[in-house]
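What follows is a short report on a single structure.
The chains carry the letters A, B, C, D, E and F, assigned in the order they are written, with residues numbered from 1 in each.
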Amino acid sequence: MSNIPWQDRPEGSNDVVWRYSENPIIDRYAIPSSNSIFNSAVAPFEGGFAGVFRCDNKAVQMNIFAGFSKDGINWDINHDPIVMQAGNTDMIESDYKYDPRVVFIEDRYWITWCNGYHGPTIGIAYTFDFKEFHQCENAFLPFNRNGVLFPEKIDGKYAMLSRPSDNGHTPFGDIYVSYSPDMKYWGEHRCVMKATPFEDSAWQCTKIGAGAVPILTEDGWLMIYHGVINTCNGFRYAMGSAILDKDDPSNVLYRTQPYLLGPAEPYELAGDVPNVVFPCAALHDFEKDRIAIYYGAADTVVAMAFAKLSELIQYTKDNSL
Amino acid sequence: MSNIPWQDRPEGSNDVVWRYSENPIIDRYAIPSSNSIFNSAVAPFEGGFAGVFRCDNKAVQMNIFAGFSKDGINWDINHDPIVMQAGNTDMIESDYKYDPRVVFIEDRYWITWCNGYHGPTIGIAYTFDFKEFHQCENAFLPFNRNGVLFPEKIDGKYAMLSRPSDNGHTPFGDIYVSYSPDMKYWGEHRCVMKATPFEDSAWQCTKIGAGAVPILTEDGWLMIYHGVINTCNGFRYAMGSAILDKDDPSNVLYRTQPYLLGPAEPYELAGDVPNVVFPCAALHDFEKDRIAIYYGAADTVVAMAFAKLSELIQYTKDNSL
Amino acid sequence: MSNIPWQDRPEGSNDVVWRYSENPIIDRYAIPSSNSIFNSAVAPFEGGFAGVFRCDNKAVQMNIFAGFSKDGINWDINHDPIVMQAGNTDMIESDYKYDPRVVFIEDRYWITWCNGYHGPTIGIAYTFDFKEFHQCENAFLPFNRNGVLFPEKIDGKYAMLSRPSDNGHTPFGDIYVSYSPDMKYWGEHRCVMKATPFEDSAWQCTKIGAGAVPILTEDGWLMIYHGVINTCNGFRYAMGSAILDKDDPSNVLYRTQPYLLGPAEPYELAGDVPNVVFPCAALHDFEKDRIAIYYGAADTVVAMAFAKLSELIQYTKDNSL
Amino acid sequence: MSNIPWQDRPEGSNDVVWRYSENPIIDRYAIPSSNSIFNSAVAPFEGGFAGVFRCDNKAVQMNIFAGFSKDGINWDINHDPIVMQAGNTDMIESDYKYDPRVVFIEDRYWITWCNGYHGPTIGIAYTFDFKEFHQCENAFLPFNRNGVLFPEKIDGKYAMLSRPSDNGHTPFGDIYVSYSPDMKYWGEHRCVMKATPFEDSAWQCTKIGAGAVPILTEDGWLMIYHGVINTCNGFRYAMGSAILDKDDPSNVLYRTQPYLLGPAEPYELAGDVPNVVFPCAALHDFEKDRIAIYYGAADTVVAMAFAKLSELIQYTKDNSL
Amino acid sequence: MSNIPWQDRPEGSNDVVWRYSENPIIDRYAIPSSNSIFNSAVAPFEGGFAGVFRCDNKAVQMNIFAGFSKDGINWDINHDPIVMQAGNTDMIESDYKYDPRVVFIEDRYWITWCNGYHGPTIGIAYTFDFKEFHQCENAFLPFNRNGVLFPEKIDGKYAMLSRPSDNGHTPFGDIYVSYSPDMKYWGEHRCVMKATPFEDSAWQCTKIGAGAVPILTEDGWLMIYHGVINTCNGFRYAMGSAILDKDDPSNVLYRTQPYLLGPAEPYELAGDVPNVVFPCAALHDFEKDRIAIYYGAADTVVAMAFAKLSELIQYTKDNSL
Amino acid sequence: MSNIPWQDRPEGSNDVVWRYSENPIIDRYAIPSSNSIFNSAVAPFEGGFAGVFRCDNKAVQMNIFAGFSKDGINWDINHDPIVMQAGNTDMIESDYKYDPRVVFIEDRYWITWCNGYHGPTIGIAYTFDFKEFHQCENAFLPFNRNGVLFPEKIDGKYAMLSRPSDNGHTPFGDIYVSYSPDMKYWGEHRCVMKATPFEDSAWQCTKIGAGAVPILTEDGWLMIYHGVINTCNGFRYAMGSAILDKDDPSNVLYRTQPYLLGPAEPYELAGDVPNVVFPCAALHDFEKDRIAIYYGAADTVVAMAFAKLSELIQYTKDNSL
């Protein structure tokens, strides 16, 4: 993949991850019905990029929309939400859809998202073309959020990260991995990593959740995730990274004690939910040693950040908990 | 009424309600003692306009102040709060006063506000000249907020919208209508409309409250109101509209599923209470097809927005829950 | 009234209020459908007694039932709940009915209760014969409980005590008085008495509510009420008394610092809601200097207690806050 | 099955479910280490009965113990907890075990329980002899409780009821059904029934959970479950029944609006957790038309209740929500 | 000390600590004003015993009263609370007094209790005769409870156990030791032992607090304490024991994983606060190898339990966390 | 002290306290590891200034760092946190350190801060040179914050203000004074001032805490403090002043009803914790009648404000509660 979005590190900066200077790349009102567009995911598609976007409308109903881009920065987002067809089962309820992730596995693109079925759980769908989408069984019982598939099978089975939750503004949350032989039945649930003790790394002491689809590197699976601290004025979301064992991702090899990127710019500090940096996707190019991260800012807009892949991996190893 | 404040819709905007370009119109420090001026109400008066303003002082004590304006935009607010005389009863306690509304009925101006009497309830006063004010019986037992009178009697009785509450940062709240033969005894309490299910219209799923004095149109009473969603970082207030049956306002004919205006500008996103758009008054001119809405922003300043009356009514009917 | 239930004070007891030795007088399963019968009210009727009883059925739905007794102790309670006809208004919703009080004023019996209308508020009905009941307007907006009418008009108006609440297990609550010219519109709301500071009288430091219909004595209105303390294992309800000014019942002349009766017997300590003594009615006989108090125990059964009227009044005066 | 425990309905009782006169059948101190023995399950075994018992020790650590009985009433419970061997996977963590259920499917007994794996989830094990137990994969991600297997496969798959929860004293909870081809991977999660609106059936308005293993009858699956109401003095647990469609148990055919049995006896009203009736098992005999229900009382002891099967089914149909 | 109360272990019992068969020894109404008498402390005095008793009056005001006994079981409690004189400072406020402990050090008896000074903290007084009491400086800033002095100086300084708290029904709490050269200034605060992880010993997983004055044994300080678990129906208090290093009591040598005595008798299971066993004092006789423990039951009455000292110590060592 | 930082009051301003025009003076990323630098303290030192700074690193671990400045505005902060040596005791635990204060007493500089010892309490250290620091005993048991020493002994004893707290986002808090003969043992705890009733001064109605080291003036001790109001969107911190009796600082002579400075500038309204103005230090020059106040803004940066000393004192006296 050689045409992913890119911008060099700013002069004088030593940051391992830096923001795109033209952030945010997608405004809250980018389509006519939207109140906000954020926490969205993209993937390479037909020489360019396709994506699935969380667009809350002005009734603040949450749904996911397909979009397309030549350069990964300028996006055309459909004005109507994705309409699902039945996948590996009869159609099931979906009161709302939000926080999508996208990953290509074997022959098709898989979408996971937070699906409203008597509370939040993990919805699954596949598409070949970002036009027709086939909705499958929910992966888990409620209550769950932040379901993220690995981009290839592990030991012959699909593997998914998720974050068991409750039915409100969950004040706890750890990352688990589960396996499935068929994208329908899931089991072998293992705890991957937990929120940290306050003293060890406070930015991720309340809850954590997987962000972008993990990237297989020589060191293991590079997972970009979010962590949350509960301040006296609400939850603050920041971004970190971890490296998981290639064969057993419940084995955490490294995990950043410092955050990589926290809310500091105006579009991260103010919006519908202040102080949120929430990564949902990343494009990478091993050859050019680049990674481009997409994140929702303040639950309002989509922003980007960049890093050198090798530096990010080295930083994760050097600053591990 | 032909001289209400007005500014045309900005080029390129399709919004049914748009902001005044010089917002906020009243700064938090507009009078010497004030910490913030917001959630205030105005009415036509002697060829110009008079208003009652919520000015919290720097001890963050809440009180209401009279003010006057030629154009409805530039205001002279008295430096001392309104001093009440006894109205239809002996003087009663008033630990604090906030969120006033103003309406002319028959021969005088009536003021309602949130009155501190062993907790918040609805205070009532009348004035002929915005100099002398006569305080009447509280309409209801505590705990109540957002009491708004109809501008004319219904079936021979005064009618008031209100929002029963509790004694704190109330996490629930629906709009009721009550009637009185005499502005002293109130009864015939009927539920008008309730907070919506999260899935149907999330911006108004936690609580709602009447805003401006209802406007009688051919379609019924046009009521501008506020709705609240409880995010993980606090309450977010936005503005919607509804049309109530002319003869029985507990019969809701239409109610906007989308919000009309939500917090998005810096003065709405940051302030003493971030993410608040709180309408308390509206001036209208049927002939010119105009409405000018006054709203508090971030519990800190007063701002204005405009709409074409006919468009606003049509939008309410076309986008109803 | 010369035939009210009575039992002399037990040997050796100095208590101003003492329990009936055969308590409880009404068992939880006294009618076929009931899960519990408690918090109920009685009045003299046709030489004997009639009452309105809270019987929760085995679906734990709350409703009120008429009952009759020759001696005030042995009761025949109807097996079907009261069916209301329209009183001074069209019929209004009533999701549930509980905690009734009964009082004779002028020419008829008035029933008040906690009525489910978008949350708890005060329902009102009248009957001449305890067979036909006519439901009137709710007295107040939600949320309210413990509405108790005075047995005669005060200054030409009906007068009602009530306790504004919220929509859950209200952790606060004070007693107010309101007036009505017509049992339809209510106003002139005045605070009567509040929960006490913890240090002054802890048994009534969380919330209080009127119990029996006040009794007019030479010293003023004798009001038996309940008070609540929030322990680390839940709410504990006990019984106290106060004397209110005859002409202005918002003027509290005396109020017991100690409770009169607190949960101590097995049927008060255990049941659906442990540790509840909740008075709802009292019969009195000035000539014989007797008062018989009916109270709900543990939200499960009905019990009785007795006192000498003169002693109770003297005790209230001697042990006042 | 012709020798299940039995006691005729008491004289004069009309109850559809009645208590065993010698309750409780197992005392809290029945084994040397125990603080309490409750919420336990039994099954026919080798002409008599075997069971798995929740015995909390005096450190209030929760574990499950095997026990044996000739008559189903007098039990010998092992003094040491069950030691698990690996079943269909490597051994997994189990911080605690509680609230077991037991069911015979095809060739072996399956045990499910609430298993401590980073919070409560559903543990699974099988045994042929109640001596050797083989622990399998947890059915679900945390947080879950009240996992109950159907006694035969449905459409070729194992089926399990469960109640998604959070990690504390969960204040919500509905019953779901999930399927597995192999007792390892689970999916096709469907909502079966939810807590009821307060007005409809308050005893089950806070949360519900499956109790005994469902019994296949001509009318469908007879499921005995518990429901909870949150009073101002804590949770109160009672017992109800439902009939689920034979082929699709997410289709609820009938469900009792009244409870069948609620806390009323001293051993139900007082104990480590007052006001708990919690069914976990039932033995039935179609020929004699009998069912014997085992339930935990007050989180302290084991008690029994009986019913005529046909009456219980008819009652469920006649008193359905 | 050879005449402490005693009763042999019941036939057939293996309990290390057993209850007095005539419990409770002091009834809730033992003095005229009392609502409850519990959580009280005693000491040998003039050949018999003296004590300081928590008697809440019928206004549920908390105060401490002196009492005297010949046998330690039958007590004469003064009808009036202790009146303090100034000790090592001017008199300080005391809104309420509860949960006293008593200890003889060097030449006088020291009383500690929970003293209401802008919230709960530790009050200190001394007496020579249980008639005149001299109140000293509060040991600590609010909020604190369960202050217990060691019966002799450690390294030349007074030493006190305490449990920092908050201003409500504290849901956390660990035991600390602090030192003072003069009973006026306190410092060198060290954590002694904390509430346990739920999995390790759930009965003491919410909070713990020192109970009786520690007894110096050959193994170290024997400390009887209470532990609390938060069930879905409230706090449950039980009794445990620990052995602390003689020279550095912040060094915990042994601590019981099982409780010694938990609420199981009617007077412990029901009362003003159900499910409370709360030890505040212990008399011991090394020669006869006896210990007599006084504990409050259900926040309502005073009860006793007995143990063989050597057995209790051995049990603590054998069943240590 | 004649070279403290200074900037004249802006033209047209009447504010008694005004902000430095180049605020913030220290950016969040001023040292390589920092996420935020705020709530810090300074003192005159060797002709310039030294300070102790709270720098949270990017793992959001809280620690304190020494820094130096010639002009009090431009600061060189060490890149490594202060390493403590043992002071008047063995080294004790310190899980974290935050919100330092600095004061010179007699012969050395004393540092106090919020020290993590089983929760927050007050840590104490001294230094002669801001290079070597000696950590002493914690002043108090947990939980405590905002410990501030007086700059000279009172009645021969060290005196410290503090604010007892709980272990979370404390929703209450009053200021106390305590005394010590030796900086090791503390006692004579007296309440100084409490949070105000909402109606009297709402900005300080939730909790208050001492800010800068008190300044001895002719009128008494001038104490700059913070007050907090709990809005529906979180805590809002503002700055006030009080004057305490010279000889008995628990005697409050004056206390500002209005705040002196509240969050209004972008760097105060947005950041890691929006709406925080938190003073921790002040430099004064009696001769030039100047005071320079250092405060943390939005828990993210350090800012300054100025006042004329005489005006500030007069304002405090003229606007007292």
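Keep this in mind: contacts are C-beta pairs under 8 Å (C-beta built on N, C-alpha and C of every residue); 3 or more make two chains touch, one makes a residue touch a chain.
The structure presented is a predicted model; accordingly, all values stated were derived computationally and were not measured.
Undergrad: Using the contact definition stated above, find the chains touching both subunit B and subunit E.
TA: C, F
Undergrad: Which is it for copies subunit C and subunit D: same residues on both faces, with over half shared, or different residues?
TA: Comparing the two copies, subunit C and subunit D contact each other through largely different residue numbers, since under half are shared.
Undergrad: Please tell me whether D-E or A-D has the greater number of C-beta pairs in contact.
TA: A-D
Undergrad: Cα centroid separation between subunit A and subunit F, in whole Å?
TA: 41
Undergrad: If you average the CA atoms of subunit A and of subunit C, how far apart do the two points sit, in angstrom?
TA: Each chain reduced to its C-alpha mean, subunit A and subunit C end up 58 Å apart.
Undergrad: What is the distance in Å between the mean C-alpha positions of subunit A and subunit E?
TA: Inter-chain centre distance comes to 55 Å.
Undergrad: Could you list the positions in subunit E whose residues touch two or more of the other chains?
TA: Touching at least two other chains: 233-234, 270, 274-275.
Undergrad: Sort the chain contact graph into one of these: line, ring, star, complete or other.
TA: Other.
Undergrad: Mind giving me all the chain pairs that touch?
TA: So the chains that touch one another pair up as A-B, A-D, A-F, B-C, B-F, C-D, C-E, D-E, E-F.
Undergrad: Please output the residues of subunit F touching subunit A within their complex, sorted ascending.
TA: Residues 28, 32-33, 35, 56-62, 95-96, 116, 169, 233-235, 270-275, 299 of subunit F touch subunit A in their complex.
Undergrad: Taking the touch rule as given, give the residues of subunit A at its contact with subunit D in the complex, in rising order.
TA: Subunit A residues touching subunit D: 89, 117-119, 121, 137-144, 162, 164, 166-167, 172, 174, 176, 178-182, 184-189, 191, 194.
Undergrad: Touching residues of subunit D toward subunit C in the complex: what are they?
TA: 14, 199-203, 229-234, 236, 257-259, 262-264, 266, 269-270, 274-275
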